[in-house]
Each structure stands twice: as C-alpha cells, then as structure tokens.
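Take a look at the structures below.
Look for chain A in each of the two complexes below; its partner is chain B in the first and chain C in the second.
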Partner chain A sequence: MNASRFWNWFVYPGALWIALLFAVPLFLVLALSFGHVDDLGRGVYGFQLTNYADVFNATYVPVLLRSVGYALITVILCLGIGYPAAYFIARFGGKYRYALVAALVIPFFVNYLVRTYAWVALLADEGLINNAIVDLGLTQAPIQMINTPFAVIGGLVYGYIIFMILPLYVSIERMDPSIVEAGKDLYGSPFQTFIHVTLPATQPGILAGSVLVFLPTVGDFVSAQLLGGPDTYMVGNLIQDQFFAASDWPFGSALTVVMMLFLAVWMVLYLRRATRGEAEVL
Partner chain B sequence: MEQSEAIRIDGITKKFGDFVAVDNIDLEVSSGEFFSLLGPSGCGKTTMLRMLAGFEVPTSGSIVLNGEPVENVPPHKRNVNMVFQSYALFDHLDVQDNIAFGLKRRKVAKEEIGRRVGDALELVDLSTRATARPNELSGGQRQRVALARALVNKPQVLLLDEPLGALDLKLRRQMQVELKAIQREVGITFVYVTHDQEEALSMSDRIAVMSAGRVIQCASPEEVYEHPSEEFVAGFIGISNLLQGKVESRGQVRVGDVCLPVPDLDDSYSVGDSVQIAVRPEKVAVDEIDKPAYKIVADMFTVQGEIESMVYLGVGNQLTLRLSNGGRLVALEQATYRVQSHDQWKIGQPVKVGWHPEHCMVLK
Partner chain C sequence: MPVGRVGWRTRFEGTGGASVSDLKLNRKQLFAAGAGLALAGYGISGCTVERPLDRSAAGDIVEPKIDGDLLIFNWAQYMDPALKKEFGEKYGVKVSEVNFDNLEAMVTKLRAGGKYDLIFPSSEYVKRLKNEQLIRQFDRAEVPNAATLSPYYDSPWYDPNSEFSLPYAYYTTGIAWRTDQVTGMTESWNDMSNESAFGRIFMLDDFQEGIGQANLINGFYLNTEKSDELEVSKETLLEQKKGLRGFSTNTAQNLVSGAAAITQAWNGDVVNARNQVDDPSMFAYETCKEGVPVGTDSMAIPITAKSPGTALLFMNWMLKPENAFRNVMWNGYPQPVAGGREAFAKLVKDDPSIDVNLDELSNTSMEFRLENPDARREWTRLWTEVKA
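Our next item is the complex of A and B:
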C-alpha cells in the first residue's frame, strides 16, 4: 500500500508538465478565439463569435479545402510509395532489413526545414534540376516547378513519408507470411491474394500511417511557405500569418481551434477503429 | 480404395544455393491413400510438401498430379490444398468466410458456397462457431477451421504440414483419430508431413521415412516398424537396441563372444560382414534368475544380465539391462497382471533376458 502510494508520486511531474505547458496554453488559445483586437493590434479577451464566422467566410474556405485536399493527396502518395518500400524491406530485406530501415530513417535526422530548403535548391528556376535540363538542351527555358502544387505536395510527401513507412513496415513484418501462401493455395492469383489477404492483414499499419501523415500535413506551413506561392496557400500559413504578420491573434486562435476540432474527429474515429479491431495504436 | 495414381514424383531434387534439401526422390502415391513423410527436422520433408503445393519449384525432376505434370504450375492453379503448420487463418474473416475463401476465388455459385461451407463446418464439428473470428477459437478449433478451409475445395490431394504440432498431447491424440476418420469419409489423398513417428504409424497407409533429403524406406507402418531397412529407420521409429556384430553363418551373428540366432539371412550377406542387430524393447522378456521362467519361453534366445536402471512409465517399466557380455539393452515391460507391485525390480538385481530370434532385425 505504502509502496504503491510512493510510486503514485511519479505521475505528478508529468501531469504538471502537461497541465502547465499544454493545457494552459490550449485554454488561452480557446479563450482568445472569442476575443477581439484592440486599436493597437493586441488581442483582448471577450466573448464574440465573429472570429469563427470569419473562418467560414468565402475567402478562407478554399484555403481549408485546399489544405485537406493536399493532405489527402499526400497520404495517398505516401501510401503508394511507402507500401512497396515497406513490403520489400519487411519480406525480402533478410539480414539487411534493419540497415534498410535505418537508411530510411537517417535523412529524417535532418531538420524538416533544412530538408525543405534542399528541395528549393533542387526545384528553383535556377535550381539543380532546371540548370541540368537547360544545359543538356532538353528545354529552352527553365520549367516552372517551384510555387506549384506539385512542389508543395512533393515537399509534404518527402517530409512525412517516414511516418507512413514505419507503421507499414511493422504491420507487414508482423504478418504471418504463410497467410499469403494460404491465399495462393486457395486459388487466389497474386493480385487477388494481395487484395483479399495482404491488405486486410496490414490494415492496422495502413490506418496508423495514414493518420500519422494526415494530421501534421493538414496543419503544415513549411512546405507551402518555401515551395509554394499564393495559389498553394494552406491553413497552416494562414494561422502563422495571423500570429506573425497580421497580428490578429484572436482570429488565428479561432482558426487553430477549428483545425484542432477537425483533426480530433479523425483521431477519435481512428482510435475507435483501432481499438475495436485490436489493431496496434501507433 | 481405387488404386489409380494420385501423385508421381520422379527424380525430384531441390537445392537452396549449395544446400541440397531434397535429393533425387522418387515416390508414387495412390489415390485415396494416407501417405506420410516422416523424418527429423531438416530432412527435406517440408520442402517436398511445398513443391507439391507449388511454393517451391524443383531444381530438377518432375511431379505429376493426376496425370498432369505440375512442376511449373503456380500454387493458385493447382488442384491441391494445404493445411499449414501455423494454420495461416485469415484473422480479418470469420470462420465461414475463411472456409469459403477458396470457393469464392473459384467463382463457385453463392448457394453452392453456402451449402458446401455448411457441410464442411459439420464435418469438422464447428457448425456453432460459423461466425466466430479465428482469434476467438481454441487451438484445436483453429486446426479444424484450417482443415475445413482446405477440404471444402475437394482437392485432388490434401497436403498437411505438421498440422497437429501446435496442439497439446491429449488433443493431438484425439485429432489423430478424427483426422483419420475424416480422411476415410472424404476419400481424398492425404500427404502428411510429421516428425512424430507415433503419429505417422497410427494414421498412415504408407510412410516414407526421410533423412538428409532422401527417402530411406517407403512402406506400410508395420513394415517400417518390424522390418526397418536401415539403422536410421530402426532408430528413428521407436527405441531400438543396436548390437554390433559379424555374420557367423546364414542364421547366426556373433556379438562379442556370444552367437545370436537370427532369421535366415539372404544372399546379400556373406560370412564376416559387419552388421547391426536391432531388437525392439517391447520384444525383450526379463525374468528373475533363480525362479521358474515367467515370461521367457522355450524357443527364446537367452542371456544373463542385471538391472542397471529403471524408469516407471505408468503403463509399464522401461528397464536398462547390462548383459553379461558387456552389452546394454533396453526392455519395455508392460504392466500386465503378471507384474505386481510386490515384484518390482531392484537396481543391480541379476536377471535372465530373452527374445525370439525372429524379432532380431539384421541391418547392414
């Protein structure tokens, strides 16, 4: 009894940490989202819903939709690129399996911002790729790559694909390889076996990876800021601008709260699915 | 049982790099036969089975299933089904959908799928668990689902890879009986891989005993047990007492300074050949030395010895005997009405040991 009471104390540092540095700021954001800006551009607490009305006005709805659209495309691309990679490493990597996983993870030791700058160097009009194709005479003028949705989504895929590959890898590695053989033994062609056996068996990894990529991608501002232009403006940029450029903290807070609620709905759906299916929650 | 040929294996070899897993095997399996591949782990029996299923392509040789060569036919186009050691059930499907999997891939009509799945569930006594998920089932039930999932397709040959290996002993015994009964009922050719000699002996019509990629002996359980062709077979199937000796004459082998009568040797043996004599422990009779013969009868060969150690097995005793000529024998004594608790053996007790000469197996 005393021993367990002793160990109970260990919960307080963590609880305090979360209360001070997570719950309190969150509450401040929530409170500020109902406030307004005074004449000097400072946020003032109050109670009004105008900020929330602004979030859903015609100027910003396309930004929200674009963010969700980019995030969905990013998830699909990550899945398309990540699944074969994870499958190959987990099933055929043999003794090089861990080395291959490490090779995938190591680039992510480099800060996301720095990696995105590297993409700027690659894709810019005077960048590596354009210089190369112009010098080789493939085109007369550089091809517009930067400031396009292609560059922003590419940057997002590059930035977050590891969060797709790792859960997929775990899921595929845990799968009993003999169920794939059983699928073929029961007259499934390789394609049918993949659809009816492998995909369902690795569904927990697909779900976990999709959520882990989708959540940070929707709110991302780095990729759109460095690789995009006005036409690729995402909600993350919008929020950032409210806090740093426009100095409209109450509106930025309202945007943040709406985003969080939107993401929380997905998170809850995922958790319910994952716990019901006894899937691993990553 | 019709005697048409279900499987013919001609000169099958499978190499993994330099390792020869299966070394030039020839086998024929009749239609409706319960055929076992028996051997220690690494003997190539599972590789042989996987070549029948189509998961491995032979390095050389041919496999003919019901008259059609299949070495290069992929698994999903072969009319054979497999029961996997791990069962390999699909956890995302319930029991009936697991069983229906093969029928659905073959585009069997929906009503027929329903009927056949129902029959298969009944066959394995799982009708009440049709909508359960595999992870809600016990080991024995999962095993039955795996069996039903394969049998429902009415394959020409059913391949079983140590299907009872994961079950506890009692359940395994029970499943052996059931498996044999199911095989009789459906009449499908079974090829059964196991390292458990008792399992192979109790269920099979014929057994191929394998070692190091080769078939050492292929015969009925009785033949393999009573007349093993080689020392390996004698040793692998049951405990055998092996005595080194030399052929003395057509009916005698000298072991140390004793001449043992043996069944008549054929012309392949000549005087002076080194041979081994094997005697099954349950064929060895042991009597107290200073009392009238109890189990040893007149035409037995007898030697003297003493009890070296004794293991109580419940159904009997396993005695290790040291013979007067220095040899050692194991005797398995049934706890019949003749063996009472008051005449238990004592360590070091001198005894008479005897066996019928025809129970001596002479091995080259």
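Our next item is the complex of A and C:
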C-alpha cells in the first residue's frame, strides 16, 4: 500500500458522517415535502404536489420578501460595521492583532439564543437601556425598542457579524500594503485609493462575508421570535411553526426545500464568482 | 475508471479547490441517482415520520409505586416548585421539570419518543392522546385523593370513567389589563382592539384561542367548521393584528415586565402576575359577554414514561387537600378538589372576575374541540396566514 492510498482511508469516516447526518435527513425532508398529514396530525411520506402549491400562496410572499429584505439590510450593516473593524485590526492592530481577533470571537462562544435573550433584557420596556434613559430624564416614558423590526435586524447583525469580520480580516491582512502606497504615489487621495485599490483587493473577503451572513440570516427565526412583533414574521418562523405549532410537517418540509433551492442559487452564483476570481489570480 | 471520477480528480489537482463545475456527472449517472432517490421515496411513502413508539405498555394498568425519578412536562409557571421539592424529599426521588409553550409542540415531542413521566394536556388533547395510545391507563381507586374531585370529573366527555386522566386545573379565557394605563374596558372581546392600548396588546399564541375569540366576536359557534365563517373571523384577526405587539403565551411575564397593557389571558395568569408585584391592583381581568371559553388541564402519564408508578403517586400528591390549596394560591388556577376549592374561593373573594362556574364546563360548546381532522387543518392554516 502506498502512502497516498493510506491517507485516502481518512476520507471515509468523514464521508460516512456527512452521509448519515446530512444527506439522509435532507432526503427525508425532500420526501416528506411530497407527503401529507394523517388524521392524527402525523406527517406521512407520499407523492403529491399540494404542499408546493400551498407554498406559492400569495399570503407567504410578503414573508419571503421580508426575510430577504431583513437579510440584505443585515448584510449591509455588517459590512458597514465589520469593514472598519477588520481594517483597523488587520492594518493597525500590530502585535495585538490576534488578541483583538480573539476578543471579537469570544462572545460567540456563547449560544446565539442566550445572546439574543441578553438583548431582550437590554431592550425591554423596563430593561437596562430604557431604565437608564428614563432615570436620566431623557424621556418621560420608556421607548418601545423590543418587538420592532429594528430590534430584529439589530439582533441579526449582532448574531452574525463575526461571519463578516473574519473573512474581511483575512483578505485585508493578506493584501499587500505596498499596493496602497503605489496608489498614493500615483496621487490618489485616500478616498480614491480606497475605492480603486483597497476595495477591489479585498473583494473576495467582502463577497465571502456577505454570503456567510446572508444565508443563515434569511432562515433565522430566533431573532424575530424573541425580539420581533406581530409584523416581523420571517420564513424561519413560518417553518418552525409548521413543525411545532401547526403540526404540518409536510408543508414545513416543502417550505424548507423551496427556501434551500432559493439559497442554493445564491450559493452557486457566489461559488462561480469565487472560482473565476481564483482563476484570475492564477 | 468511471469518467466522472477522472473529472473530479483532475480538477481537484488543477485548481487546488473544489468548485461547482467539479460535480460533473454524466447523464447515465444522473439518471441512476434520480431513479435511486425516487425508489427510496417510494419505499418510505405511506410511512409516518416518527419511528413507531413502543406501545407494549398500552394495555397494562399503571401501579402506584416508586419506580424511578420523575420528569414533568408542563406549561411554565404552572406548579408551585416547593411541592415538587417536598415530593422528592418524601419519596427519595429526583423531580425535574421541562416546559412547553403550546400543546401541539408537546404532542410533537411526545410522538418523537420524548420520555416524560407526566404531562398536562387539555380535554381534547386527552382524547386525542388516548385514541392514539399515547397515554397510559390507571385505576382511579388507586389514587385516594381523587375521591374529593367534583363529580363532573368522574366521567368527563373526553375520558369516560376517568381511567386515563385526572384534572389538574380548569380555566376561563378572558382579557387582562393594566388598570393604571388602560381605560374604557367593556367586558367584550372587542377590547382586544381598545384604542388606549393600541400597539401594546398581546394575543395568546394559540390557534384555537386566537380564532375562537374572533368567532365569538362575530357571533359564530366557538369551534365553527364553516369555511365562510372562518373567512370572516380571519378578517377580524387581521384587523386586530394592527394593534398587537405580539403573539405570546407568557402572559404573566408580559404583564409584569410592562410590555403588555392588554393581553388575552387565562384567568390564573393574572393572579400569578399579581403575586409578582407590590401593588396587585394594577392588574385586572374580565370575561367577555360574547362568550367565555372554558377548559380543563389534566394530568396524564405518557406511554413512553420511564417512571409511570412515580407519576401516579405524584398525581395523588398534587390532589392532596393541603397541597392543592398551596398550588392554587401559587398559580391562581382553580383545582376541582378539596383544598383547591377553598383556596380558589379565597382568591375569588378578592377578585370575582377570575371565578369559573363549574356548570360552564358541562356546557361543552364553550370548550375547544376540533375532532374533524380537516377542520383542524383549516384552522391551523388560517392561523399561519394570520401570523404571516
């Protein structure tokens, strides 16, 4: 047995793991999406398209648009907040660079759900922020912050911003600083240099970060459930309710499949773009 | 070597990374994969999602004896924690509790094989779980403290001869509000869109309670199955939604935290909220003239229970007069047993609005029950559309 054959064996445990815990469940979701609910309210596998017909009911279009809208706003805010942070750490962090990255990552060791509950405690009518501004006399009555779209988007930004900062950090750190100097030597103003040199050079990071934030955000349900109101219902909430409140697993599965296909389109576009980018570099 | 594999390899080595175009399958392989998936789909069609539960215990009568630690599956803030602790100390077992926030979720987890020892289903859920052989039978004579239960519960409609369930609490659904912030309450379900509380109103996140009150506003039967009536109630709900701050069953918490000025509520939750503040008069509760939904939450032992005997002893423990008294004072819900009745009478003396007339319970038209599966689907779908 040669060395490479030996090392190939290490692929199998991982492949088995993926097959059992990813491919099989995914297939079951797909199969169930063609099923129906029996008289006891249990999902039964089958071959019918009614669930898909129900997905394209006009009632659910606003939910899908809202989810995509929230996700896009979240991506833009993450980029706006994350880029300067990543830039600062990568270019000016010096010997503290790794400590700063660690400081960013550590809060994310705490479960997303728990961190979102912390936001509930902060934003509630009688929460920390409202108590502070009322005590300071800035307002008479507390301002409603929780149960609003702002709170939901805020929760999403906080929940997923690390997936923006890390790829940005990597691409900014990898960028050769001499190309920025070259831009300046060519009499580019700091702004022009940023637009024409830094931004294109860090584009892979921007793209990767945007996709990494966008994909989980569209399907998120925690933020809308804990921080949202009656008008912040997202696709994730819709799907979750089918499984736990409405006992309609087949419909929930059809919604899941449609959402996955929708997200897969974006993923494929990104991968195409990324591979082309790689080819250009080579 | 198959063509596809060569494709994989060369590309892998060529670019140093996988890409979408690497997944080159020829037509034959694609067809085979599709056929395989379809065949597997055919193989499982007709099967239910949950693996079949072990129902071998279905015919056996549960014996009241300590047979292990107790895991309770209940609504949050529905049981005095001290009673659990004392039971554990007396019998030398560990008593733990986990919570659900709606009954469908409870059933879903049960069907998935969740090993809970004691659950708290409402009347129609007792019947459904019994039909599905998901709860266990016991001999009521083995529960001595059940002797003082109100006669209605000797043989209720959902459990003839009371062999599968014992009542834990009964309740009405009405509206609770902050007396210092809300004016113009009229003992009507229309108060769910009271203008002085616009934007700070909560509706119970329960499809039957939500649709039910809309049916009552429109003068329909609480459990109507007529599609045209349900359409009208949907419009009512969409109109009410404009003034809502959310859908939630955490009523006491919403009242105490100040998030809710008005909330659809079960009668005991307002007592629970009062127990948590200095000035209990800040919360009031009303039942509505269009109709008062009533119901019973029961105790039952799932088929998957690991310690059914301990669970039966615990049921007896909760029905013991002094324990019933303490539990009612704690959670605010009437319990139809000696001790529970006295405690609730004490609470009602301070606030007659929370009272429940037991006669209303025999009027089953005011209890939620959707036994027709198609109607049930129509209701849950309508609720999804309202929330969307």
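By definition in this document, the second predicted complex is superposed on the first by the 270 of 282 C-alpha atoms of A that agree within 3 Å, B and C clash if a C-alpha of one lies under 4 Å from a C-alpha of the other, contacts with A are read in each partner's own complex, and residues count from 1 in each chain.
Just so it is clear, a contact is a pair of C-beta atoms (placed from the backbone, for glycine too) under 8 Å apart; a residue touches a chain by one contact, two chains touch by 3 or more.
Worth saying up front: this structure is predicted, and the values here are computed from it rather than measured.
By the touch criterion defined above, A:Tyr70 reaches neither chain B nor chain C.
Legend: residue contacts after superposition of the two complexes on their common chain; A:Gln203 is shown touching chain B, with no touch to chain C.
In the superposition on chain A, A:Tyr233 makes contact with chain C only, while chain B stays out of contact range.
Of the two partner chains, neither chain B nor chain C is touched by A:Phe163. Legend: residue contacts after superposition of the two complexes on their common chain; A:Gln242 is shown touching chain C, with no touch to chain B. When the shared chain is aligned, chain C comes close enough to touch A:Ala124, but chain B does not. When the two complexes are overlaid, the chain among chain B and chain C that reaches more residues of chain A is C. Contacts of A:Gly46 after superposition on the shared chain: chain C is touched, whereas chain B is not. Applying the stated touch rule to the two superposed structures, the overlap between the chain B and chain C interfaces on chain A comprises residues 278. Touching chain B in their complex are the following residues of chain A: 176, 178-179, 181-190, 192-193, 196-197, 200-201, 203, 278.
Chain B makes touch with chain A in their complex at residues 53-55, 74-77, 80-82, 84-86, 88-93, 101-102, 105-106, 135, 149-150, 153.
Residue ranges of chain A in contact with chain C, taken from their complex: 27-28, 30-32, 34-35, 37-47, 54, 57, 59-60, 62-63, 124-126, 142, 144, 146-147, 228-231, 233, 237-238, 241-249, 268, 271-272, 275, 278-279, 282.
Within the complex formed with chain A, the chain C residues making contact are 15, 17, 19-21, 37, 40-42, 44-50, 102, 104-105, 107-108, 111, 128, 131-132, 199-200, 205, 207, 241, 244-247, 257-259, 373, 376-377, 380-381, 383-385, 387-388.
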